[in-house]
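So that we are looking at the same thing, I have put the structure below in C-alpha cells.
Chains: A, B, C and D, in written order; residue numbering restarts at 1 for each.
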Amino acid sequence: MTNPTATLLISCPDQQGLVAKIANFIYSNGGNIIHADQHTDFAAGLFLTRIEWQLSGFNLPRDLIGPAFNAIAQPLGAKWELHFSDTIPRIAIWVSRQDHCLFDLIWRHRAKEFIAEIPLIISNHNSLKPIAEQFGIDYHYIPITKENKAEQEIQQLELLQKYNIDLVVLAKYMQIVSEEFITKFPQIINIHHSFLPAFIGANPYHRAFERGVKIIGATAHYATTDLDAGPIIEQDVVRVSHRDTVEDLIRKGKDLERIVLARAVRSHLQNRVLVYGNRTVVFE
Amino acid sequence: MTNPTATLLISCPDQQGLVAKIANFIYSNGGNIIHADQHTDFAAGLFLTRIEWQLSGFNLPRDLIGPAFNAIAQPLGAKWELHFSDTIPRIAIWVSRQDHCLFDLIWRHRAKEFIAEIPLIISNHNSLKPIAEQFGIDYHYIPITKENKAEQEIQQLELLQKYNIDLVVLAKYMQIVSEEFITKFPQIINIHHSFLPAFIGANPYHRAFERGVKIIGATAHYATTDLDAGPIIEQDVVRVSHRDTVEDLIRKGKDLERIVLARAVRSHLQNRVLVYGNRTVVFE
Amino acid sequence: MTNPTATLLISCPDQQGLVAKIANFIYSNGGNIIHADQHTDFAAGLFLTRIEWQLSGFNLPRDLIGPAFNAIAQPLGAKWELHFSDTIPRIAIWVSRQDHCLFDLIWRHRAKEFIAEIPLIISNHNSLKPIAEQFGIDYHYIPITKENKAEQEIQQLELLQKYNIDLVVLAKYMQIVSEEFITKFPQIINIHHSFLPAFIGANPYHRAFERGVKIIGATAHYATTDLDAGPIIEQDVVRVSHRDTVEDLIRKGKDLERIVLARAVRSHLQNRVLVYGNRTVVFE
Amino acid sequence: MTNPTATLLISCPDQQGLVAKIANFIYSNGGNIIHADQHTDFAAGLFLTRIEWQLSGFNLPRDLIGPAFNAIAQPLGAKWELHFSDTIPRIAIWVSRQDHCLFDLIWRHRAKEFIAEIPLIISNHNSLKPIAEQFGIDYHYIPITKENKAEQEIQQLELLQKYNIDLVVLAKYMQIVSEEFITKFPQIINIHHSFLPAFIGANPYHRAFERGVKIIGATAHYATTDLDAGPIIEQDVVRVSHRDTVEDLIRKGKDLERIVLARAVRSHLQNRVLVYGNRTVVFE
C-alpha cells in the first residue's frame, strides 16, 4: 500500500452495533477499508478494534476525520487514536555498551522493515558512538550516577523534545528510567532479557543458569513505573541445555532480544498495539 | 457463550463497503456480534470474513436468515455458509492400525475440547475394535484390497449416509481415498506425518531420517484428489537430532500428529476455516 | 536393544583420565558400550557422565559390577548409580480431578514409549477411579484435609512400600507434598503448569492471563521441600495471544503438560537424568 | 578456554573398546579432555566421536599428534581429522544483492561469536561493495553469465587460493556453483531459504505462499553437486498465517536465514560437524 492510509485504534465498552457504526463511518465517507480486526474481552466487557482505510477517495479532509469520528465515539464512550501512514514517527534509541540491538534496529530500518526516522541515540557510555557516526545518527553521551540521575533525565527529556521524538526504544539501556521520566514521556519500549515474569530485574541470564531452566526467553514491553511489569508486546524463547554456560545463554539470548524487540517496535509503529489495563492487543 | 450463535463464512470479490453492509445486516436485525474477523487477499482481490452473533434477541427466525442474507450476498457476488452453534456436527473417524490419534480425538471429545458426535469408526483392520467398544462407538471393519477398493468405498459412503456424517477424519488411515469418493464426500480432514510439501507419500519418517533433517513435522489438510496436496489447515514441527533413530522420529511425530490433527478438527468444527483456491484462512 | 544393558550414572570432581579410567573398566571386562555421554561443568569443577553397555559378553556377574566399579570410584571421589535395563521400575501416579496426564501416561505405557509397571494410582478424589478400573490399575482414594494430611501421608507411604514403588509421578495432583514425605520418599516428578520460575504456586494460568504473557509453558521437575523450586527436567512452551481466554490457556496448557511430563518421566526411567545442586543434566 | 586445544573428529566401524582406546591415547600423553561426545549409528554400524583436550601439558608435540594417533586409527579403520583451536580458519563470504546474512556474519564475527578471519567477499553484483569497504574486507566483483561462468569460476578458485580460504559461505549468493568447482573446493556452506527438502530450487517463498503452508523454514547445508541436497547442518522454522504476504514471508525468512546460517557456520568452525553419507552429526 504505497498510497497513504488512516488508522483508527478504538477501545470502548462492548455494546451492540459497534462494528456497523464504525464501518459505516468509513464507508459513508467513501473510504476503502484495507485492514479491520477486532477483539472483545468479554471478562472486561471491552471491545477493541483496529481499522485502516485508504485516504485517496475518502471524502473527509484529514483535519476533519478526528472531529467527525469523535461525534460517533462520544456516545459510545470510546477511547480512540487516529494515525496517518505518511506521518513518519521519530525514534530515539537508548543504549548502554551492547551493540546488537542497535545494529539490528539500524539494519532493519535501512531494510525498510519499519518506517520511521532515527535521528537520535542516547547512551550512558561512549562506546557505541562510532556506530552512530558510521550511520550518521546524532549520539548524546549522558552518563548516569545516583547523584546526577535527576538532572540528566531533564537533559534527556530536552533532547527528546528538541528532536521531536515519538518513541523511545530502550535497546539494552541497562538503566532504570525514573517514575518522573515515564510520567512525562510514556512512549517507551524496553527489551528485557528474560521470559517475564521470570527473572525480573538484574542478571536474568545468570539467574536462569542457576535455576537450571531448559528454555530462556526475551520480552519486549512498554516501560512503566513498575520495574519489568509493563504491558507485554512480544515474547519469544529458545531451548537451552546443561551444555550451555552463562556465556552461551547470553549469546543465544542476543538473537532473541534482537528479534523480539524488532517485532515489538514494528507492531507499535504500524499502530497494531492497543494497551488496556496491563495487557496488549496486538492486531496482526 | 452457552446461548446459541449463528456464524457466517463469506468470501467475495473485494469492494468498498463490505464490512459495513455485512455488519449492518446483523445489527439492523438486532444481532449481537461476538466474533468478527476478516482478511483481504489483495493479490487475489478477494475479501474473506467470519462473523458470529448471538441468536437470542435476533429478529430473524433461523430459516429466514439464509434467504435474507442471500439478498445482500447476490449483488456482491459473495459465496457464503451459514452455521448454527447448536447444530452438532457428526464425525466419522477412519483409522488403520495406529491408535494414538483415535485415542486423542476421543479424549478431547470427552474433555469437550470440541463439540461434535462421534458415532462411527471405520477401519481397514480389526485391531482397534476394542477401543471402539470401550467407548461405545460403532466400528465397521472394511478391509481394502486393489481389487475390492471400488465396492468397499461404496459401502463406506453408505455408512456415512446412514450415520449422517458431516466430517470424515482420517486419523492415520494410511489408505488413499479415491477421486470418486472425494468427489462424492469432500469434507475430509487428513493428518500427514510430515511437514508438507516435504515427503509427500509413503514412509515420510524413514525418508526424513535418510535425508538427515533436523526438524520433523506434521500437516493436517483437507483431502483432495491430488495426494497430500490439499489445502493445509495446520502444521507443527519438533526438533530432532542425529541421536534420533527412525523409531524416535515416529515416536516424536505421534505427539505432533495428535496435536496438529486435533487443532485442525477443532478449527473446522468451529467454522473457522475458509478455503479459497488451495489455501485456507483460519480465523482465530 | 532388546538384550539387557547396564548403565552407570557418575558425577565426580573433574580431573584427568576420567573418561579413560571409566571406559577401560567396561572394555577390560569385555563390555560393549552402546551409549556414552559426558558433561563437564567447569564452573562447578564437576565431571558428569552416563555410560551404558551390553551385559551379554560382559565378564563380571551383575552382583560384582557395583563393588568392582566402586574400587575405581572411591579414589576419584565419585558418586555413582548402577542400573540394569531389565529391572523394570514401578510407578505410582498421583492425580486429583484432571485426567489428561493420567490418560496420556497410560497410553504411552501401553504404546511402550517407556518401560515400567504402573500398579498404583493415588488420588484425593474419587473421580478418576473408573479410568483406573478400565485399565486394571489399583486406585486408592485418600482425601486430604489440613487436619488429616499428616496421617494420610503415612498411609500413602505405606502404599508406596506395599507396591514397591520406585517413582511417584504427580500427574496434576494439585496438593503440596510435605517436607517429611519428600525426605522419606524423594523420587517424585511433578508437572507444574507454568514456565517456572514464572507463576510459582497456585492458578498459574489465571495469573499468566492477568499478566498478559504471549507465551505459556509447563515444567516437569523433581519435587523438593521448596515449592516448585526443584531441579527442572524438562520445559516447553506454546504461543498464546490476546484472543485466548483463561479457558484457552488451560486447554492449550494441557497439551504442554502431557508432553513435558511424559518426556521427563521417560528420561528419568531411562536413567538419563543426573541431578547436581539444583540443576539436571539430561543425557540425550 | 583461552589456552589452545586439539580436537579429533573420528568416524570408524563400530567395535569394542573404541572409547577406551581413544581416551587412553589422550590420557597416557597427559592430555586433559575438556569435551568428549560420541554417537553410534547402529543401522550404519558406525561410531562417530569428537574429543577435545588442552594442549598445555600434553606430552606430544603438535606435529607428532597426527602420526601417533594414526597408529591407533589404522587398525580400527578409522577416518579422522585433527584441528588446533589457535589455527584461525579463513572465510570467504559470497553474496549477491541481499545484505542481511552478510551484515549478520560480520556483526557476529566482531562480537566474537565465532573465531575466524574474513578477508574476502565475492559477489556477482557491485551493490554490497560499500559494506565491504566499511568493514575493510576485500570485495571482488565477479559477474556471472551462462557464457562466462566456467572462466569466472576459475577466477573465483584463484582468489580462494590467493587468500588461503578454508571455508566458503554462500550468504544468499543465489547462483548455482558448478560440479567442477565443488569438486575442487568442497568446503562450502549454503543457506537455502526453505525447510528442505520442501521447495528445492528457485523462489521458495513464493512457492511456500502458493502452497499455503503455515510454517516456513530455512536450511543451512554443505553444498554438493546435487542442488539443495547436501548434508543438512541446521534448520529452523517460523509460524506464518494467511495474513502474511510473500513480502512478509521474505521478511520473516530473513531472520531465519541469518540465525540458521550463523549457527551452522559456528558449529563448523568449532569442528563440531561430522559428515557421513548425506547426514551430519552436530556435536553440541
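Basically, contacts are C-beta pairs under 8 Å (C-beta built on N, C-alpha and C of every residue); 3 or more make two chains touch, one makes a residue touch a chain.
Note that the structure is predicted; figures quoted are calculated from it, not measured.
For the pairs A-D and C-D, the larger set of C-beta contacts lies at C-D. Looking across B-D, A-D or A-C, the pair that copies the B-C interface, with over half of its contact pairs the same by residue number, is A-D.
The distance from the centre of subunit A to the centre of subunit C, with each centre set as the mean of the Cα atoms, comes to 41 Å. Distance between subunit C and subunit D, defined via averaged C-alpha coordinates, is recorded as 37 Å. Shared contact sites, meaning residues of subunit D that touch two or more other chains, fall at 42, 241, 243.
If you draw each protein chain as a dot and join the dots that touch, every dot ends up joined to every other dot. Those residues of subunit B lying in contact with subunit A across their complex are 16-21, 23-24, 26-28, 30-38, 40, 42, 239.
Across the interface of their complex, subunit A is touched by residues 99-100, 103, 107, 111, 113, 134, 241, 243, 251, 254-255, 259, 284 of subunit D. Listing the residues of subunit D that touch subunit B in their complex gives 39, 41-43, 195-199, 210-215, 217, 231-237, 241-243, 245, 277-282.
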